[in-house]
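All remarks here apply to the structure that follows.
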């Protein structure tokens, strides 16, 4: 049985702020706990939305928009229930890191988890077996974290169940980020996405920025998206705020460029710029000497630069760029 | 006597790539060295420019633009000499950190250094006593590093010697960044700037971006600035490329906003946005619970947001925002 | 097959001091071993007692009393056999830590272990499959470690097999600590207790103090308890030394108080003090500012304060207090 | 000039909670600060008391009693001024460590400090040059920290200026801890005590417990002592609460016992117990094998055990015990 | 399915240098990869040899000889194919450590690995399921690493399949190291050797030196051995270079001597020296005091000293010496 | 005044084993000490020899030979006094590291030290002001440590005082290592050598091996050298054991070869091999890819290879080789 206990009721009307409390015995606290903040806002019968942030601990648009939502959304504004977990991977979030410092795990490769596993596995199991089954629609926020940077997009997956896929795509369009991506996940083992979709739920994910920061602009995209999604789900009343969203596709592996040398990386194009097949998107200079020719990173297809490596230094094998194709 | 030895001549015509070699005995190399890359390009009599990057190791526009310069500038293009040290604080640069991992020192608070001091002090002493005296004009690149982000500007200091000040301001205008700042440094002890200016040289510094990254746009500003500066200094022939630069001032301490609580920071305005006195520029949310009111960070004057804290998490006492005033 | 080999015979008469030798290849010793000290004292036919300490590496009454026993007990004083493992979790003990620094594991959540698992799992497997089956009675010493502090008590579990339970309770009373606790373990998976009891043995455990230290008084409790237990088990001759022991019960989860805020903890009552339901047992002050109201930790039932958090700083989710009820 | 700036006025009537703000540029915050909490309570003309805690960061009676004081003392209760710095060595306090994690310094060996030194030196300099000169009487709280444990005592030093000594002794007696110690500091270089006494102020210090914890009883001693001291200094009205205090002396180096072997330490006497010259106060057992004779720690004089090593493991050269003599 | 993808074809004629690319998401690179260098040299139909180094990351003869081979062997010199992986455990090799810094695993105890396991397990799985099946003969280089030192030998295992054993022994003799060892592996679980032999391949392993270094002499043994082996396997043309090789046997556990005390180790005999049963091969002095008698390490059989502990300090349980018997 | 106190008399006849006790307050021991083992053997009037090891903590011939001497030399064998400090830099020795883990200092660059400095500076000051003045002759043992390896030599310096130089050279020849080196120290600031010679003493130093290990052969050189030196100094009676010693010179900076690239280093010659000017002594291969040409390390003069880098990996700027010239 999963050892996590909520300190608040998950199904009571009104607004409750509390924790998912996970006992965690360790050197610096023999009878300590991991305390994952949670807010539940409920008002009568209706659908349930589960909104999650900090699946990766260094991605900030989700936690900020969700903290703001916890502090501003009132039960009387909604019909149904909104379950908000702004820092789902609290240990990673507290460390400002992608992965949990407790077990080193990448949460988005740890689903469905185990009730008797590591701390990350226990959190995944609780979310997968307690929270997700309660939900009709799930929105999980991602950004690039400290080492990647993205054009702001919402995404939904190509699924075998075409009705479910259509519902997910509709929710993604409702979210209405500046860019929208229809994704075929090749290797989806262990992802939260996979778990939620496997339970037949409507699922939307995002990539809203990165470099370990968040801007007023990227946070506004998150806030607008939440609002739109709750309206779309018939939980919140009102009109959705919609503007044009560029539709992107990532047809195959040629979209992805990787570094073949470690060094200091000079980007020649920025996110959103047009790129043509074979164009040099970045040059990697030696980090320990001058006078050596740089290694070139070449685009494998034509499109727009959709993601890049954020830090100034890059290592052999690191992702260098993603060129997506406008549909 | 300073133990650093260059592996190339500093005064020979042509182009030479090498190192400033500093013996550094340590656990993992009893007779090891710190090797700071240097390139000298010289062609006959004429002025000398000293161009430096990575004074702070996590600021990338300088190192990238200077590595590119080392690989592209040919002796026959110039009159005089260009001394290029793209990663002046090599240990910090290699670690991707602001300060040196060897002695923890902030290089820009370690000048004029000591020939028998720590590694950082030895590097400072060598630069101050060997390289700077050779130079007529010095350009030192900065950006915000991993924890700050800036509007791109070049800057020169208000100096007692008004002729020197005018020469520095002229060089700053020649650099022609999108923004230009006339600065009064209150606490200038230990800075490279102070050392160079104290030797009567023309000195320009910059802040070109931050968040531990560099963009094609911010790198282009650095490259254009170098080119303009070398033309301005009569080292390179040709026409300067000039566009409008917004002139900024930071009159007093009210321009600076600091965090009075640790937590998750939500910016309500972005770099370049207009801000009025008393406006909330950011809200700091609790990082360990939901349902608590955020602490507000208020602007102390009207102007435009010129710098901010980059990471999503902020600590009590951290810098939160700089509101500069357009002149 | 478990790779641990004892360097002494486990079944020979006389006294033998040696090691349980566990091969452990690692960076700093390719062909190294973990060496767990063990002493076996035997004299003819009779029952076997297994005495263990440092299941958690920062709990000291057990190791001290058992080291003293190894140096003072003579074979001719006993009938049967005493197997003494004063530092069962040697890697944790050597590090002065609750958990093993090698694999991070909490030994008391790692039973029954695995012969091909991590270092902690291998030790658990060896103890469970080789030592415990040899024993008629097992005494495992615990204290609060560096982060908890306890009133000194011996404890036995409520078991399904009532005859076994009665034997355990009798052994606990023989131990005769100042306090005696009859415990219902809710979540007993992975505990040494569970393994030993599952093999049908008589089992006694203790909590004798904490805060990472041991006093002359708490060590004397351990020494008297060992002596009494060996007499009770017909291994040692003589009269038990018995005084009054306060009988305690921990009926349900309301006995346990947890911190809901991180900060500086001020206890208002001490171990052994009477507490009434709803009483403030501790106040948590901010650790980074003055002038904020503290958060209160309230008792959930009436009784005496039996355990507390030891360090001056406390984190959200940490155990704050245990209020047990006198029977 | 010392870079620390208070965020509150130090001389205004009423109660002000704020920070001593020390700019501290570092890898994880280029423009960060160390923020040391301070409260000033003032009411008209009268003497000034400076009350400090966490000179060593792992000593808790002082910070707790002073945080409580900041939250409970009202301006109208006093005449004059009380300056309270509950966590003087904030970086060490935040780390739960004796010494500062920033520069490794022991604050009580870093006075008078330097305005351009390390973080600890800057804090010392500010306290020595700004706060102490304002004070008539200074009370600095100490306890044993994580590695020592003490009988609770207040102490004053034997000074060359006998009038000052008498004033200090009177203040110590006013504090009225269970034990009172008249100390001759042999090596007083760098201590806060020395700095304050050198400025001619009345100074009292304490050792109130240790082992990295604080009890209701030891905190009550601190609170009573503060109250008594403020009454004694004519800042607070009312009657002092006084009971008997045992007077102790530590005549020479024979009072101190050190470990000559590393291992597991077994104390044979507890704090407050009588000890005679040559008595074994502790035995040190091997930490890696059984069956070896322990090394004995012998008292060098007769008296009562006044301090001891707290952790269960001890290293060669560690302090093992202090035997003080009742006067 | 194993996520590793080669960046070069494994079966194309000619010479190809590339990487085995293993996606590895982590804090410092969200979409990073482990890049294991590989070279494939092929020329028409013929046998395949798989040559591997740095199974343990601090053993250097293999990586050096194989890097040299990658740079010098030309396709036209061979018939068939040579697959060269000079740093099989790249993460450990890059760290200069025996085990992988990513998961702490000892690669030679991690076979056959898992396609969905840790980084080390994924590498093992790829090698076991993709590379080994392609090979007719496999040569895996070992040395003592940083903590052991060996006489230079090649080795083959005693196997149940006597025809396979004979083929392995023949290959070992072809390698022709100065010493040759016929080994019975008692505990062979998880070894690369076991995996390769289990697939029915001809397998040779080595121990060529140690102490974390390599000499011109030990490298020459590796290079000659490779050449001889490729000739023996009919991949390379030419005459094998053969000299006398001393045949050694390690009949039982008495060959191995372990340290029973931690301290400073003084060897009284060197590698290659004759040793008789009961002879003191090393003395262990106290590392923290003078004047104590050393503990003696005694040989358990007669023979020649074949391996020893390399560092000057030794810990209880560390391997101290191996005395092998000449056949 | 230096805070170090010896626990034994330094001038009493007979043999005394004890410690130099240096108080060292730190997080894990508030009143702890650094305990440096020392043995003094004295017998009536006569000269004093000071014998020291582990100036660098990872060099083992000295500590081993001196520990052996402490345990075997009897007062009645000598005339005068022998002061033995086998692990002078005890903190570094205990850590198995060149430099002290407490302050990071290289002891052999920290003389003459400071009585109020860091731990290393205090040790240096004590040795320089208390022990060296007592001595007539000083022998300080060095080897290559973990990162260098040397041909075994004793050395004496070219000094301004030619009589002192001659006495040192004579003592070096008495030591009679297989190689003897007459050295001109260019940068001798901070060395123990410089301090001792500055006090007019006879001084001999050595380099006897390296790679962080010691062999029976290299230890025998140390033991023979001590014996010879004590006979030469008229402290020990008997005949010196002398064999041929090769005389070496290191005329100028061309003897030293440094790495200009980081990578995997392949030595083509071994210690003691003849080398000619321009010969490739080592090749540096890429550590992260195959198929790249190695960088060559070329000898700058003809002679024999006298020292080399020990680990298999090398970094840009590391020492690669020393070619000394036979006289």
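In order of appearance the chains are A, B, C, D, E and F, and numbering begins at 1 in each one.
By our rule, contacts are C-beta pairs under 8 Å (C-beta built on N, C-alpha and C of every residue); 3 or more make two chains touch, one makes a residue touch a chain.
Given the structure is predicted, the values throughout are model-derived calculations rather than measurements.
S.K.: What chains touch chain B and also chain C?
M.R.: For chain B paired with chain C, the chains in contact with each are A, D, in label order.
S.K.: So if I look at the partners of chain C and the partners of chain E, which chains show up in both lists?
M.R.: A, D
S.K.: At the interface of chain B with chain D, does the proportion of residue numbers present on both copies reach over half, so same, or stay under half, so different?
M.R.: Different: when the shared numbers are divided by all numbers used, the fraction is under half.
S.K.: Between A-C and D-E, name the chain pair that shares the greater number of C-beta pairs in contact.
M.R.: A-C
S.K.: Taking CA centroids for every chain, report which one is farthest away from chain D.
M.R.: E
S.K.: Among the chains, which is located farthest from chain A on the basis of C-alpha centroids?
M.R.: Centroid comparison gives F as the farthest chain from chain A.
S.K.: With residue numbers as the basis of comparison, which of the pairs B-C, C-E or C-D duplicates the interface of A-B in over half of its contact pairs?
M.R.: Equivalent contacts to A-B are found in C-D.
S.K.: Please tell me the distance, in whole Å, between the geometric centres of chain A and chain F computed from their C-alpha atoms.
M.R.: 58
S.K.: Starting from the mean Cα coordinates of chain D and chain F, work out the distance between those two points in Å.
M.R.: Taking the mean C-alpha position of each chain, the two centres sit 43 Å apart.
S.K.: Indicate the residues of chain E shared as contacts by at least two other chains.
M.R.: Answer for chain E, listing residues that touch two or more other chains: 19, 35, 58, 146, 288-289, 316.
S.K.: Which word fits the touch map of the chains here: line, ring, star, complete or other?
M.R.: Here the contact pattern is something else, fitting no line, ring, star or complete shape.
S.K.: Which pairs of chains touch one another in this structure?
M.R.: Inter-chain contacts occur between A-B, A-C, A-E, A-F, B-C, B-D, B-F, C-D, C-E, D-E, D-F, E-F.
S.K.: Chain F touches which residues of chain A in the complex?
M.R.: Interface residues on the chain A side: 262, 288-289, 316.
S.K.: Can you name the residues of chain B that touch chain D in the complex?
M.R.: 56, 58, 97-99, 106, 109, 144-148, 187, 189, 258, 309, 315-319
S.K.: Residue numbers of chain A touching chain B in their complex, please.
M.R.: Going by the criterion above, the answer is residues 15, 17, 19, 35, 37-39, 58, 60, 63-64, 67-68, 70-71, 84, 86-87, 90, 93-94, 96, 146, 149, 211-217, 219, 264-270, 273, 283, 285-294, 310-313.
S.K.: Okay, in this complex, where on chain E does chain A touch?
M.R.: 3, 19, 21, 24-35, 116
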